[in-house]
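Read through the structures below before going on.
In what comes next, chain A is part of two complexes: it sits with chain B in the first one and with chain C in the second one.
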Partner chain A sequence: MSETGVIHDIGYQRYEGPRLGRGAAVLALYVHGLRASFGFGRSAKAKIFPWMVAGIMLLVAVILAAVRSQTGQTIFTYVQFDDQMAWLIIFFVAILGPELMSRDIGSNTLPLYFSRPLRAADYVAAKFAAMVTAVWLLLGVPQLIMFLGAAFTTDDGAKGVWNEFLDLAPGWGYSLLWALLFSSIGLLVASLTGKRAFAAGGIVAIFLLTTPIVVVLSVLPSSAANHMAGLASPMSLIAGVGQWLSNEPESMSGLDLGRFGPIYGIEAVCLIAACLLLLLARYRKVAAL
Partner chain B sequence: MTIIATEALTKTYGGGVTALADLTVSVDAGVIGLVGANGAGKSTFIKIMLGLIAPSSGSVRVFDLDPVVQTDQVRARVGYMPENDCLPQDVSAAEFVTHLGRMSGLPRTAARERASEALRHVGLYEERYRQIGGYSTGMKQRVKLAQALVHDPDLLLLDEPTNGLDPAGRDAMLALIHRIGTEFGISVVVCSHLLGEVERICDSLIAIEGGRLLRADRISSMTEASDVLAVEVSEGTDELAAALSERGMAVTRDGRMLLVPLDSDAAYDQILRAVSDLDLSLHRLDQRRHRVAELFTTKETADV
Partner chain C sequence: MSTVALITARGLFGRRRALILLPLPLLLIGLAAICRAYDLPGDQWGEAVIVGLGFAVVLPVVSLIVGTGVLGSEVDDGTLVHILTKPLPRRDIILAKYAVAAGASAVTSAVPLFVAGVLADSAKFGAALAVAAVVGAFAYSALFVLLSLVTRRPVLLGLVYILVWEGLLGRFLSGTRVLSIEQYVITIANKINPSTILDSEVGLGTAVIMSAVFVVGCTLAAINRLGSFSLAGETS
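== the complex of A and B ==
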C-alpha cells in the first residue's frame, strides 16, 4: 500500500496495559448496539429511519402534552400511547433487528467475535439488552415528555406531580413489556437471515399476518375463543397483559379478556423465553462453526 | 519454548467424518507453516486451538493452557484471521478494528490506539478512515490481519492469509507475516495449501493429510544437505550432462535444466569449466534449495 505515510517507524510495541475481561466486552457490545440502534457511529443514511420514527413519536408526545396543558384534556394515557404507537414500534423493530443481528451474519463477522473471549450467550444478551433499551427509550422518552408537560401545569403542586408520576410508572412498565416482547421476536427473526431486507420484511410480516387471526377469532360464536383471540398476535397479547395487570375489563383495543387474563401473562413470558432460548441455540451453533 | 503441543488429537464430526486423527505434534515458537490440501483438517485444528470446538479425544495445549477449559486465557493470547471474507462494508477499518479490540477486552482509548497501530503495521494509513466496502482484496486481507493483531496476542492463527491475492500481494502479505514472526516477536501459524508459499517464511512446518500428520519438523532440518545447483544452457544439454558426469558429478536432468549437487564451492568452477570447454552459452547457474515439496511428493499430487 502507500508508503508515503511512513515518516519514521518506531517498530512494534507490545501492549502492557490492562486487559478487561468478558464483562467489559459484553458491556462494550451493549453500548455499541445501543448506539447503532439510533445510527450513531454509522453513516447519515443509517440515521434516517430510526430518527424518523423517534421524531414522529416525540412530536406526538409534545402535541399531547401541549393539548393537555392548554385544555386539560387527556387524549391518550401513558398506556394508551404505547398501544396507539404500535405500528411505529413494529417499524422501529423491523429496522433495529436487522441492524443488530443480520448485519453481523451478512458480513460474516461472527467468527471474529467468537474467536474472542465472548460466548454465544454474551453476544445474545448484549444484543437483546441493547434492543430492549432502544425500544424502551423510544417509548419512555415521549412518555417522559408527556409527564413533564402534565407535571408543570398541574394545579395540585407536589401532590399533583406525584399522582402524575404514579400514572407514568405503569406506563413505563408497559413500555418495557413492549420492548421485551418485540425485541425478542425481532431479534429471532433477524438472526435467521443475513439479508437485512428479508429480515425486516419477515418481522413486519409476523405482526401483519397475525392481526387478521385476532379479528377472525374475536367474531367466532364462542366466548372462550373471543376471550383468547388476543393471544394470536403479539400486539393484542401485550394489550391483553396490560389490561389484565391493570384490572381494566375493557380498553380502547376492544379486547375482552374475560377470565383469561393470566393466560395472556403466561403466554407473554413463555414467548419471550422461547425466543431467547431459540436465539441462544442458534448462536451456540454459529459460535462453534 | 513449546507453544502448541497435541497428544493423539482426534476430532470426529457427527456423521462419522474424521477431520483429525491421532495427531501428535509439538511446535516451538516462530513462524509455523500448517500445510495440507483442502479438507486436510487445517481449519479444524485451528478451531480446536481456539476452543471453538472440543476434540473428540486426545489433548491439546496452547501456551500450556487447555483451550477447552481455559478458553478465555487462551483467546486473550491468540489472534485469529479467518479464511473467508468477514468484514462489514459500511464502517471504516479504524472503527471496526477498534470495536474488535474492545471485544478482546481492551479499554476504550487503548483499543483506539492499538487499532491505529495495528493498521499502520499492516500498511494501512490514511485509508483506514474510509469505509471497508471500497477496499481492494489486498487491503481487506490487511484489515483482517490487523484485527487479529489488535489485542497484541502472543500467537497468530492465520487461515489462508494469501487467499485471493495477486502475486505481488502474496509476496507483500508473506513478507508482512515474516516480519510479524521475526521483528514483533509474535509466533504465527500460517495455514496454506500451497507449500511453496509458506516454506519461504516458515521456521517449522506441519504437514497434514486427511487429518493425519505427514511430517512436522523445522524447515532447516528438512532441507539440510540438499542444496543443488541448477544449470541451464541454450543447447547441448546432453553433452554438458555427459561432460559433468565424466568429472564425477551426479547429474540429474530436470526438464531443460541440469541439477548438480553442491558438494563444495569447487562445483561452481567445475561446471563453468565444463561449459566453456564445450563452448556452450550459459543461461543460468544458480544455487537452489531443495524445495520442501520434494519431501512430500505424494502430498503435492494431492494438492492438484
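== the complex of A and C ==
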C-alpha cells in the first residue's frame, strides 16, 4: 500500500489531474492584477478610487466628443488629451502601484507565490503587464469614445472615419508610452515598501518634484540645457518623445527640443529598461527592504 | 501627554522611513542654489521653485506623510490599542500627536523655504515664506490627522485633496480656492512681504480665518472621532 518516499500515508486522496505550469501561473497573476486594478472581486471601498479617476476621464471624453459634434471645433486632440490628464494618471499610478506590489509585501504573500513554479521575472512581468494594460485602458477607452463621437458625426462617409482612425492610432500609441513609463516607475517605487500609504506618497512625490527641475533647466543660460530640460521629468520626457516622433517642432507643452529629439527617445527606453531591471534585482530577495 | 509625544516622535524618526522626508527639502534648496549660482533673476525661477515645488509639493506631501503617519501607522498595526487603554483623555492623545506632526512638518518645510527665499530675494522674503509654511503645516497636519481617523485609506484621500482639489480644480475653478490651504499659505506670505513671485488669489482675512478654522475644526473633529473609535478589522 505505502509507496516508497512516503513516510506516513494517512489516507488523503491524491491529486491526479493536469498540473498547470508557469505559463498558467503568470496568466492567473496577470488577470488577478488587472481585476484588482479596477477593484473587481473586491469590496465596494476598493472600487472608489480607481473608478473615481476613470469616471472623471470618461466624463471629460464624453464632453469633448459632445462639444466636437455640436460645434465642430476640437478642444484637445487625442495626444493632447493624454497630456492634459497627466495629474489624474499620476494619481491612478499612485493607486495601482501600491495595490499590485505593496499589498503582497505587506500581507506576506510573496513567499507563497515564489513557492510555486513562478520565477521572479514571471512575477514582475505579470504585474507590469497588468498595470500597463490598466493604465492604457484608462487612457485608450476615453480616446475611443472621442473617436466614436467624431466618427458618427463625420461628413465624408467611410473616408472620414478612416482619416479619424489615422488620428486615433498615434493617440493610442502615445497612451501606451505613458502606460509603459509610468507603470515601470510606479511599480519600482511601490516594490520598496510594504506600506501602501508610503508607496502612494512616494510615487506622487517622485512625479511632482521633477516638474520644477524642468522649469529651472529651461531658464538656465545654456541652449543645450534648455533643449534637454524636458529630460528631467517623466511627463515632459513623454511629451518630448511624442514631439520627436511626430516631427512637430513645437506643441502645446512648450518644449523646445532643438536637435536633441533622439536623446528623448533613448532616455525613455533606457528609463523603462532600468526600472524593470531594478525590479528584477529587487525580487531576487523576497523580504521587504 | 509628553510620553505620547515622545513615542510618536520616536515612531516617526526612529526608523529608516524618516529618510524619505529628506530628498524633498534638499531638492528645493539645491534647485534654488543652482539658479542663484547662475545669477538668474529671482522672478524668473522663483514661481516654479517656491510655489510650484515648495508650496504645491513639499509642504503638502511632507504634511501628508507625517500627518497620516502619526496615527495611521498605529491604527494599521493595531498598537493604538495600547495607548487607548491607558487612563488618558483622548483629547491629550490627539493634541500630543498633532503637535508632533505639525512641528515636524513645519520644520521640514519652513527651513528649505526660508533658504530658497533668501536665495531668491532677501532674508525678509525668506522669513515670510517660513512663517507662511508654518501656518500651512499646522492647517495641513490638522486635516490629515483627521483623515487618518475618518478613513482606512487616508493617504489616497489626502492625495485627492492635494492633486485633484488644489492642483487640478484650483487651476480652473476659482471658487475652490477659498477652501484651498495652498492659497492661504501663498496669501499670507505675500502679505508679509509683497513680491512679484507670489500671486495671491484670496484675501488676507479669509486666509487667516480659514486657516484657523481648519486647525481648530479638524482637531475638534479628530478628538470627537477618537472618542468613539473602534478597531474593527476590515481589509479593503
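We take it that the second predicted complex is superposed on the first by the 273 of 289 C-alpha atoms of A that agree within 3 Å, B and C clash if a C-alpha of one lies under 4 Å from a C-alpha of the other, contacts with A are read in each partner's own complex, and residues count from 1 in each chain.
Everything below uses one rule, namely that a residue touches a chain if its C-beta (ideal position, glycine included) is under 8 Å from a C-beta of that chain, and two chains touch if they have at least 3 such contacts.
Predicted model, so just to flag it, every value in this text is computed and none were measured.
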Broader residue contact with chain A after superposition on the shared chain, chain B or chain C: B
Touching partner for A:Ser43 - first (chain B), second (chain C), both, neither: both
Partner chain(s) touched by A:Ser223 [first = chain B, second = chain C, both, neither]: neither
Contacts of A:Arg196 with chain B and chain C, given as first, second, both or neither: second
Contacts of A:Leu29 with chain B and chain C, given as first, second, both or neither: first
Which of chain B and chain C A:Leu88 touches, first, second, both or neither: second
Chain B versus chain C as contact partner of A:Gly17, first or second or both or neither: first
Touched partner set for A:Gln70, first chain B, second chain C, both or neither: neither
First, second, both or neither for A:Arg116, with chain B first and chain C second: first
Residues on chain A lying within both footprints (that of chain B and that of chain C): 42-43, 46
Chain A residues within the chain C interface of the complex: 42-43, 45-46, 49, 52, 87-88, 90-91, 94-95, 195-198, 200-202, 204-205, 208-209, 211-213, 215-216, 219-221
Partner chain A, residues of chain C touching it in the complex: 17, 20, 23-24, 27, 31, 34-35, 38, 40, 44-45, 48-49, 52-53, 56-58, 61, 64-65, 68-69, 72-73, 76, 152-156, 159-160, 162-164, 167-168, 236
Residues of chain B that touch chain A when the two form their complex: 47, 50, 52-53, 71-72, 75-76, 78, 80, 82, 84-91, 95, 99-100, 102-108, 110, 114, 117, 120-121, 123-127, 131, 138-139, 142, 147, 151-152, 180, 183-185
Interfacial residue positions of chain A with respect to chain B in the complex: 1-2, 4-6, 11-15, 17-22, 24-25, 28-29, 32, 41-43, 46, 103-104, 107-109, 111-118, 287-289
